[in-house]
C-alpha cells in the first residue's frame, strides 16, 4: 500500500475509500462494484414503488425535493462525475438535464432554483426512469471497461455516488412524509408499520425510571475517521452496498481530543417525556429557550413536534403509515435543535457533544432500527433493539441503547471542519459536497429509521440548521459528571 | 312572463337567466340542458387531453391552479350548489373534497389555502376523473328528475355552473401556458399553431399606417345587460353550450350613461408597436408610468411582456405551441394594465373606458379569434378576422376589428358595481361570485383566443389586478375627439 | 379675459388659478401674494410650536414623514419650482437638499428613499428653520421683483406652493398623531381639546334615530371645477391664505354627469354606531368584507379603528390631546375604506359616489369643524356645526350636516382622471403632482378637522389607498332611492 | 478567602468578581467603587458630547439603537438590578421606563420591540439625562449605605453594571457611525482623526512582505478565565474603571484544551490586501464563499466592506471623522465573518480558533489602539503599536502585533458554552446576559479602537452573527503548521 496517493486523495476528494490494489482491478473487483451499484439503484426504485405518478412531482417547501428530482439528480451525479469525464463516447441523455438536476454545484454551472423544483412537470416520471436506465447501462459499461489508469478514480467516485444516492434515498422518504403530511387526506405511503402504541404501565409508573445513566471517564482520545488502517479491499462482499473504508472528507483528519467526565442517558428522549414538557408549558416558557430559538417558536407558533396534532385530548402524529396515536415510549422525532436544547434545559440536562457521542459509539456494534427494519419510524427500545452493546466482542457490554438508528441525534456541536482539514476553495465537487456548508448548522449523529445500515459509521457526521424539523431527528440527554 | 321572480333573482343570484316557462320544463328543455351540460364537461376533458399526468398537479405561482384542481373545483361547484341542495339522496363523493376544492366561498366553510393547491398529489388524476363522472351521473339524474317547483332554480344554477366551468376552461389554458413557460424545457401543449410570423413589408412600411381611427359621437345611452327583453326560451339549440339570456349579476342593472366624443383605433396594439416602445426605452422611462406601476416595473424588473425572451437580437415568446418568433403584426399579449397604460401614454393616446368599449361592441357581431378558432394565440387582423362588422344586419358595417377575441382588452375603468347594484352582504355564493372582488381590479372586455365564443357578450365584464400578466390580455388605443 | 392661456395652463400646470390681469401685476397684487405666503409659512411654524426637537425627526412607518422633513420639503418646493427657475441670482441653500427633500419627482432627479426619512438626524431642526428663512427671504424678493413677463407663472406656481404646503400642514398633524400614538408614553401634542364625551341619553335612547335621510332626485348636472367663471382677482384679501379660483388639475375639466335618485344620511357615522358594528362581530364576519379587505383584516388583525384601545371594557382612543374615552356621538375616524365599506354593508347601506357627494356639497356653505376650530379632532354634530346649510343664499336650507370638516369622507369612487383630462407623460412637476397616482386609490371628500378651511372646495379630491387609516378619515351612509 | 461563596456565585451571577473581604467593605472600598462608577458615567456623557439633540433618537436598522436609548438602558440596568432590590426606599423614575428601556430580559417583563426604538421621541434627551442623574444619586447613596450583608452583591452587580455600560459605550460609537454613514450629508462625529493614508512605498514594494509568521507548538493548556488566583481586592486603584478579577460567566470555567501546531500572521489583514481581493474578483467568485455566505453576498450585493465607496477609481470609507481615503496599511474593518472567511480562503490560509487566539494573547501585554488612543478607527501597525510584546516581563518578546485593539478579530469558533458551564434555565438576568445567545453566532476576540482598554482581557469573548458588519471587526490569518 502506498499512502501518498491516499493522502493526496484526502485533500482532493470528498468521498474517500482506501484501495489497496493500486495496480488495477481484478475482474471480481469490477464485479463487486457492479453489484453494489445495481443494488443501490434498485433500492431507489423500491422506495418509489408505492408512489403514484402524481406523488413524484410535489415540493411542499424549499427544503423538500420532489421524488422525481431525487431520482434524476442522483443519476446526474453519476453522469457528471463519472460518465462524462471517464467514458469518452458518452453522450448526455438530454442537454438541459445538467442544469435541471444540478443541485448546487457552482463549479458545474448554472442550476435550476431550488424552490422551483416542484414546477417541473416535465421530464415525466417515465422519462426520468429512462434517464436512469441510460445512466445505468453506461455505468455498467464504464465499470467493465475502464482501464487501469483510471480504475481507482472510477472506483472511489462510484463509491461516493453510491453513498450520495443513499443519502437521497433517506431524503426521499423524509420528503415523501412531508408531502403526504401537507395533504389533508393524509395518504399512507405504506400500509404496514408499528401497531398499537406501547402504553406504559401506569400502575407501576416505571416509565421515567427506565432511563439509566452511564458514566464516562475523562480521556485523551481521537475523533474522526482514521485512514491509517485501511489496507483491505474496498468492495465489501457482504450484503451492504458500500465499501469498507468509505468515509466523507468531513470525518477527517482523525485528531486528538479531550473528553471530560460525563454521564449519558441509556436511551433517547421519548414521546411521553415530550408530552410532559408540553404539558408543563415548555413551549410557552421563554426561560427555556435560546434567544434565537424563542424567536422561532414565537414566529412559527410551535406547540409540539412537527406532524403532531391533538384530537380529543389525544396526541396523534403523521407517519409513513398514516396518522397514528403517539406512542409514549417511542423516541420523540421531528424536533429541531432548538426544541432538543430546550427540553434538555427543562430536564436540567444537556445534549451530547459530537465528540462524546463518537466516543460512546465507537465500541458499540452498528445495529439498531435502520431502514432494513422496515418500520420507517422510530420504535421504543423494547421493540427492536436489544441492549445495543449486547454482545460486543463476544462478551456482554453494558452501554446506551438506540445509539444507532431510530432518530438522528442532535448534538450541541456546530458543524465545522476538523483541525487540519483542507481549507482551500470550493472549486470542485469535493469542496462543494460537504465543506461549503460549514456554517450555521449543527451536527447530528447515528442515523435514523430511514437510513440504510450500511451508510452509517461511528464517525459519520450529518448536519442541519437548528430550525430544521422535517428530518427524523431526536435527541439524548447527558450531563457533566 | 312574470317579472317579479326575475327581479327577485337579480337580487339573489349571481348567474342570471331569464326563463319564460315559470310553470315547469317541457321534456326538451331538460334535454337541451343536458346537452349543454354534457358538451361543457366533454370540452374540459378535451382541453386536458394533451396533458401528461405530471402536468395536472403543478402550481407555478399562487394565481395559477393545477389543471387537476380546475377539474375538481368545477365539479365541486355542481356538487355543492346543485346536487347537495336539490338531490336529496345525493352522497358526496369524498368528505374532504368540500374543503379541498372550495376556492374562496367563506359561506360554504373552510378551504384549502390557494398557494398550496400544488401540494396535493392526491387525489390522483384518475380519482378526479372518477369524481367528475360521479357528479355527471348525478347531474343527469337531477336534470331528468327535478320537479317543477325547483326546475327554475336548477336551470339557472346549472347555467351558472356551465359558465363557471367555461371560465375555468380558459384559466386551464392560461395556467398550462404558465406552467410550461416556467419549465426550461419549454414543452409544447400542442403541435399545431400559427405558422411563420407576419412580417410587415418594410419597403412600403405600411404597418403603422394600418391603424384607422373611428369616430364616435357623444351620446346618452345605456350600459349593462338589459333584462327587459328576455322573453325567449333560455336553452339554446345551437352549437353554443350556454343559454341566450344568461349573464352575470355584475353586468346589471342596465343604466343610463353619457358617452363623450371619442376616437378609437381600428385594431389592437400589436407586437411591432410594443417592440418600438421597448426600443424607445419605454420600460426605463419613469415619466410614462403611473407611480404604482413604476414601483412594480422596478421591483419586478420588467423589460418586455411576460413570456418574451430575446435571443440573438430577436424576440421570441412562449406559446401553447412552444417557443416562437414574435409575430410583429399579432396583437401584443400578456401585458399588465400598467404596461397598457404606459404604452398608451407613450403613444399620446389613452385606453378605452368600459362604457366606450361596450358602446362600440354592442352593434357588432360576436365574431373573432375565439377558442373555437383553434389557434390558442392572438392573430394578426388579416389572419382570421374580417372586418368585425363585415356583414351586420345584412349590410356592411364599418367598425373596429378584433373587438371580440384575440386578447382581453384592458380598459381604464376600475371594477366596481353599477348604480343600483345590490350592496348586501356576501353571504351566499352569489355575493361571493363576483361582487366581493369589487376593489383594486380593472375591467377587461371582449374575450380572448382561449375564451369559448358562447361565453362572451357585449356586456361581459372580466377583471384582474393591474399587475396581472398571465392572462391573454392586450389593449387598444383611443383618444378624446 | 383670454381663455387660450388658461387652457394652455390647464394642460401644463397642476395648480390652476385664473388670473384676469394678463398684462402684469399691480403693486397690491404683489402685496397680497406676499401676505398669503407669509401667513402660510407662519402657520407651519405655529403647528410645530408644541414640538420638542426630538419630535421633529421620527418616522413611525413609511407613510409618515418626520415633521422636520415636511418643513424642509415644502421649502424645497418653492426653491425648486420658483426660486431656481425665476430668480437668476439664487444660490441653493445646500447642494444635497435637492436630493434629501425631493419627495417623488422623478423629473427633478434622484431622491432619498421614503422609508429612510427618519434616518436623517442632520440637517438639524435649527438648520431646517434656517433653510426656511433663506427661502422666505428670496421668495419675498422674487414676489417683489419679478417682471411682467413671468408674473403670471410666479403667481400661479406660488399659489400651488401655498396649497402644497397646506396639504403638508395637515399631514404634519396626521403624522405627529401617529408618532405620539406609537409611543407607550402617549404624549400630548396639546393640552386643550374636546372635554367629556357626549353620552347619549340612554333613557330616551334617541341616538340611532338622530339620523335623517335627505332625498336627491336624478339629474343631469356637472362635476368638476368650472373655470369659465373665473374672472375676478385671484388673491383674496380675506383671512384665507389662498386665492379664489385656485384648484388642482385633477378637478378638471368640468364635465356632464348623471345623478340617479339617492338618499343620504344627515350626518357622518359616529363612534356609537362603530361600537355596535364591533359588538355585532363585524370585524369577524367575512360576509361583510370585500375579498381584499378580508385579507387585510385577517393579516393586520384589525379589531377596531386605528388608535382605539379597550381598557376595562371601555373604549379609548388616542387624540392630539392624549388618550380620551371614545365619544359615542363624535364621527368615527381613522377607518380605512375597507372598514367604511364593511360598516355600510352591515347597515344595509352604501357609501356615496364622489359625484353624489359633490352634488350635495355644491350648494352648501363651506363651514364646519376645520383646523381653525382649534379642536383637532372630529366633533359631534351639536358641538360645533349648526345645520351646515343654515343660511344658504339668504334662506334656510335643509341639508346634511358635517359635509365639510370633521373627517374626510371615503367615497366609493376610484381615483381616476375626469373625461377629457390630459393623459400626457408625467414629465414635469404638474404631471407628477396628482396624475401619476391615478391607480389603486379611492377618493375622499370634504376636508377634516385638521384641514385649513381655505384649502377646501366642493370639487376638491383627496385620495388614499383603501387600506390607509392614519388620515382623519370617516364616512357617511347613502342608499339608492 | 472562602471559595464556596465564589463558586456559588459563578453559578448564579453573570459578572463575576472575586472579593476577599467577605466580612464587609471598608470605607475606601466604597470610595473606590464610587469613583469607578462616576468615571464610567462621565465617560458615557463625554461620548455623547459631540452629538446634536437630533442625533440621539435615530435607529437606522434593527441592530442599531439610538444613543438616547443606550443612555437610558444602561441606567435602567442599575435601577433594575441594584436600586430596586437593594435600596428599599427607592422609587422608580418613571413607571413606563421599565418597559421602554429593558432590552431583552424576559424575566423582568415585557419590553418595547427592538426595531421600534427609533420611534420614541419622548422621553426627551433632557429627560433621559435627568433619569441618569436620578439613578446616579441613588447609586451613590446605595454604595455609601448598603450594609455588610448585601455589600458583596452590590459590589459584584455594580461591577457588572459598569462593564455592561462599557459595552454600550462601544455600541454607541458603533451605532453613531452607522447613523452618520446612512446620511447622505455624511456628518462628522469629530473633527480629529488619522491624517493622510499610509501609502506603501511602491518602489520597494515591501507591503506584502511585511507579514511575518509566528510558529506555535502543539500544547496541552487551558482556556477560559481562571478564578482560583483571585485573592486580591477587586476595586482597582488605577485609572481603569473596572476591577481586577472581573469577568463574564461565558469565560468560565477554565478548562484544559489541546492546541495543535500552527502559524499566525504578525499583523491583521489590511485594506491593501482587501483591495487585492476585490480586484481579483473575490466578491464574484462563488468558490471562495461558504454556501450561506454566497447567498448573503448575492442578496445583499456586497462588493466591498461596509462603508466603502468608490469615487473616481479611488476607495473611500466613512469614519467617525467623516469620509476619508482608504488607508492601505490600516487593518480592514467592518467586514463580516463571511468576508473574513472568504478572504482567508482566497489567501490559502484560515482564521484562528478562539483557543489559538487566547493562547497567543495570554502572555502579551494588553496594549493597543483602544478607545483611549482617541483615534476611533483602526490604524496601521506603525501608527501606534510597537511590537505588541515589546517589553513583556521586562524583556523583549517577539510576537504578533495588533492582537489587542484596532478591530475585533473574527475567529472560526462558534459561540457556545465551555465544558462544565451551567446549563440551567435563562430565568434571571445572569442567564439572559450572555448564555441565551449561544447559537448561530461566532466569537470575536481582542477589542477594538472603540473598546475601553480596561474592558478587555485575554479570555474576553465577544460574539456576533456571521453576517454582521457594523461592528469594528476585522481578522488575522493563520495556517496549520
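We call the chains A, B, C and D, going by the order they appear; numbering starts again at 1 in every chain.
Methods note: a contact is a pair of C-beta atoms (placed from the backbone, for glycine too) under 8 Å apart; a residue touches a chain by one contact, two chains touch by 3 or more.
This is a predicted model, so every value here is computed, not measured.
Visitor: With centres defined by CA atoms only, which chain is the most remote from subunit B?
Guide: For subunit B, the chain whose C-alpha mean is farthest off is D.
Visitor: Calculate how many whole Å lie between the centre of subunit B and the centre of subunit D, each centre taken as the average of the chain's C-alpha atoms.
Guide: 63
Visitor: I'd like the Å distance between the centres of subunit A and subunit B, where a centre is the mean of that chain's Cα atoms.
Guide: Comparing mean C-alpha positions, subunit B is 50 Å from subunit A.
Visitor: Can you check how far apart subunit B and subunit C are, centre to centre, with Cα atoms defining each centre and the answer in Å?
Guide: 39
Visitor: What are the residues of subunit B that contact at least two other chains?
Guide: none
Visitor: Hey, which chains are touching each other here?
Guide: The complete list of chain pairs in contact reads A-B, A-D, B-C, C-D.
Visitor: Under the stated contact criterion, what part of subunit D meets subunit A in this complex?
Guide: 104, 106-107, 255-258, 260, 285-294, 337-338, 341, 344-346, 348-350, 412, 414, 416, 419-420, 423-427, 431, 436-440, 466, 480
Visitor: Which positions of subunit D touch subunit C when the two form their complex?
Guide: 52-58, 60, 68, 96, 99-100, 112, 116, 118-125, 179-180, 182-185, 187
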